[in-house]
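Note that the chains take the letters A, B and C in the order they are written out, and that residue 1 is the start of every chain.
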Amino acid sequence: MDGAWYKEWEQGRRYIIKIKPGEKLKERLIVFAQQAGVKNAVVISAVGSVRDAFFRGIKAGAKRPITEPRMRQHHLTGPLELLGLEGNLISDDSGEIDCHLHVILGKSSGEVAGGHLFDAEVFASCEILLTEMVVQGVERHISKSAGTPTIFISEE
Amino acid sequence: MDGAWYKEWEQGRRYIIKIKPGEKLKERLIVFAQQAGVKNAVVISAVGSVRDAFFRGIKAGAKRPITEPRMRQHHLTGPLELLGLEGNLISDDSGEIDCHLHVILGKSSGEVAGGHLFDAEVFASCEILLTEMVVQGVERHISKSAGTPTIFISEE
Amino acid sequence: MDGAWYKEWEQGRRYIIKIKPGEKLKERLIVFAQQAGVKNAVVISAVGSVRDAFFRGIKAGAKRPITEPRMRQHHLTGPLELLGLEGNLISDDSGEIDCHLHVILGKSSGEVAGGHLFDAEVFASCEILLTEMVVQGVERHISKSAGTPTIFISEE
């Protein structure tokens, strides 16, 4: 059973979130979701600046599944402009919120860096706009073939 | 007649789409739109990873219209983190879906590449969130002055 | 009084905006907001191309607040693919629209540049999708500790 490959969802509540200097971006997003009782959400927009950004890329030529030795970890002290934050919060099968975020960062030089975000500390400000997704039968858990947590959409 | 420069639209259905490893990202988005009967849509968010990404940039110093010799084509084998996918699906005057997508890709080095997406193959996973746009009088067709397919908004 | 750190908002009108070649991207977004009577909005998506992009990064190792000497200004003549435009329009305490935008740009080489956008001229086309935010008690004004205009969310 492969499940469906797309599914309709309803829009729930919408939030503007301000993460303060010195706070961790991803950690605070999860705290927000717990406090607001949001199970599933998608980031619409994020602007601000961060420092001590930890993220990873996939090694060139890597095969699936994505395992630790096939990733390359990065740490930029910055500060950096937060140019983009793409991703979603989807609960896993135990109801825990799994936050899958990719980050795009602007350096002093005008060059851009980015990857799969572990976490980063907000530098001067961080404004996130987010929409709750109301949907049944969508979960994220580890995919054996991909090696990474992946959404699964159950058939109706 | 230049038409209007902005127009209100209504939000239609919202979808979560999972494109599987080995499938082509843009090709599948068009299949999705055909299967779901979506004429116009905007990508809200996309995260995942891809390989064999084909995209283009515009040559520095190029003039309008954007013609073939004024573009530069790129092919990255990757795999790469999919950091961003911006764009929309707008039907042309024959009702065919025209998919205008720009891609932002994270390399192993943490550097970022990107441009106008031709297509890319999903590597480990790809999660796309999309909103249907319900709107009349918006079409995309070739602009003689721009050289590229461009939206046209008709006056009320 | 620190105020709240997140707040719910209601979705207002949605717009598709076409900015024409030769026009300034940020300038036109503000004209749009004035003409349509939009006080607060978030950019969902933007694709197109620009030239003469002026933006800034934060100098590596800079401390807060972000002051002029702690920023580094950039000017790219291009043309460049517009790969991303993240940000929002939030009114300040006098009702003036403050447009906070970060830009992600694709070079001819396939490399990507970006930062906090001052402004850029549209090259061949520019398609922006935007949602009005209906919310009370959210304003943007200069934060003394951050050095930059920042949103403030008042307690209920």
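We take it that contacts are C-beta pairs under 8 Å (C-beta built on N, C-alpha and C of every residue); 3 or more make two chains touch, one makes a residue touch a chain.
Just so it is clear, the model here is predicted, and its values are computed rather than measured.
Chain-to-chain contact here is organised exhaustively, every possible pair of chains being in touch. At the chain A-chain B interface, residue numbers used by both copies make up under half of all numbers present, so the two copies contact each other through mostly different positions. Simply put, chain B must spin 120° to overlay its Cα atoms on chain C, rounded in steps of 5. Rounded to a whole number, the gap between the C-alpha centres of chain A and chain B is 21 angstrom. Residue numbers of chain B whose C-beta contacts span two or more other chains: 11, 44, 84, 104, 111-112. Partner chain B is touched in their complex by these residues of chain A: 5-11, 42-44, 55-62, 64-66, 72, 74, 76, 84, 86-88, 100-104, 111-116, 131, 133, 135, 138, 143, 145-148, 150-153.
Residues of chain A that touch chain C in their complex: 11, 13-21, 32, 35-36, 44-47, 49, 77-85, 104, 106-112, 123-125, 127, 129.
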